[in-house]
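The structure under discussion appears below in the form of structure tokens.
Lettered A, B, C and D in written order, each chain numbered from 1.
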């Protein structure tokens, strides 16, 4: 059983840019994270884009939908920024794709000492392997159905609705 | 849905003892790990013992079986040393307890920079939430049935049999 | 021999703000850094301001000069952003204060896994203890005289001139 | 001005051996530590041995003395286990070598999240650059003369005598 890990950017993969003091995308940390997690699961990584999810356009979401439809794997973990994760999940849910798609990201980028990235990716990979067809969001140690979740921005956490 | 996190010790929870240069048990890191993982899941923590799994006795395993049977939660994540994790899993499996029990640990203690602890615990918590009744081992980004897994000591990883 | 650790902000003390995805000042990490470094030196911490050094005004530099002059300790480590560290060092140097003043910061904030903060602060504290009167910059494992150093922005490192 | 970084092992350079759960020497972390500290100082690294300092013999100390005498650099940082650091320092001090020799190590190995290694190495490198001829111990944010220091084992820290 292959799991496809699709990268779109998001907080989880941001780096510190020492030249301007900002957080930018340079290179994904997911292979390093999987190595530290000592994963021996059958995972292939595909980079769709590297974007802050606030900058994602309808065209970007079309690319994501198409990639999910075209993927040979029927287990997909989609790395995504948290700000518009719910929006992308809803779009994917409406497509009724016959695969298990788990959206995941992090509140704190992987490069920080106190990042939630490793915990979240471990959680999301398990969810992708174990859940049947559907679209889910894996955040805060919880798996949400795509149409029953919001990001509470004041608490910086995901909640059931 | 409450998940019970039962602690028995194991590599994952070892600390560096600066007085003798050895790795000992001082205090569990699981609450810190859950906080960094930003878990909002309903998890209660119960410490059964703090032991290297090579030092676990039949009596210890009886304590574990009894605790699993008595737990009000029907989702249990059992933190356990990797060396005899399979042995404890088999014992639990034979008891036919009507709960989901996921054994998990780490190859590298939580206190090391390159620990697999956070990834593994995230994975195990998802498995406990999502799998039906049974006994499982969650290691190396993979969920194994309790009676179809060995620890390959030469590779320091778990494998299907 | 007391060393005064004066805080002004700078990259070293920035935090990740999970609510807006930016790097902000919340609280200094210097006490934590000194604890991890197991420092038993006589160090008192004083916070003058918490600013990105690009936002420092002449008035801010007057506050720093005054604090250095008024300090009872004659060994001062001044935590400062790197972008205008040289400018502040020159101003302090021109004041001919009869103390040892070492400016230090970090290219990567303390909260990142690959931060240079602990190395730099260790280096700067040693320099403050060991050098005679004067104003110095401690960066890149090197102690520079205040009037013989530039920050090479293309390389993101300090160099002798 | 070249600084010679001489490696002898010690707690600072120990690794976690995932095959037996013990702390062993595999490979030095000093080049990685210097890279993270963004050192641009002229430092050459020489490995003399990789030993727990409790296992050091008189012959090992003869090797260290000889290496210090033969080094072309007159600034030496000697990475050493803390348990017999004072003993080696005294032996070096009695040799009246016309160089600056700073012994340093760590109470917690570099590979742990809460290691004092980076702080200590930064401190020791500064001390080697700045102090005149003599033998010193750099631990706990303090530089000790070789003949006025003990390791207080109960507190796991170095103290003046």
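One rule holds in what follows: a contact is a pair of C-beta atoms (placed from the backbone, for glycine too) under 8 Å apart; a residue touches a chain by one contact, two chains touch by 3 or more.
Note that the coordinates shown come from a computational prediction; the quantities given were computed from them, not determined experimentally.
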Open item on the list: Counting hops between chains that touch, how far apart are chain B and chain C?
Closed with: 2
- [ ] Using mean Cα positions as chain centres, tell me which chain lies farthest from chain B.
- [x] C
TODO: List the centre-to-centre spacing of chain A and chain D in whole Å, with centres computed as mean CA coordinates.
DONE: 44
- [ ] Would you mind pulling out the distance in Å between where the CA atoms of chain A average out and where those of chain C do?
- [x] 38
TODO: Report, in whole Å, the distance between the mean C-alpha point of chain C and the mean C-alpha point of chain D.
DONE: 26
Open item on the list: Using the touch definition from the top, which residues of chain D touch two or more other chains?
Closed with: 107, 113-114
Open item on the list: Let me make sure I understand the interfaces: which chain pairs count as touching?
Closed with: A-B, A-C, B-D, C-D
Task: Contacting residues of chain C [partner chain D, same complex] - done: 33-34, 36-41, 43, 107, 114-116, 118-127, 129-131, 138-143, 157-159
Task: Complex interface listing, chain B residues touching chain D - done: 11, 16, 18-19, 21-23, 52, 83, 107-109, 111-114, 153, 156
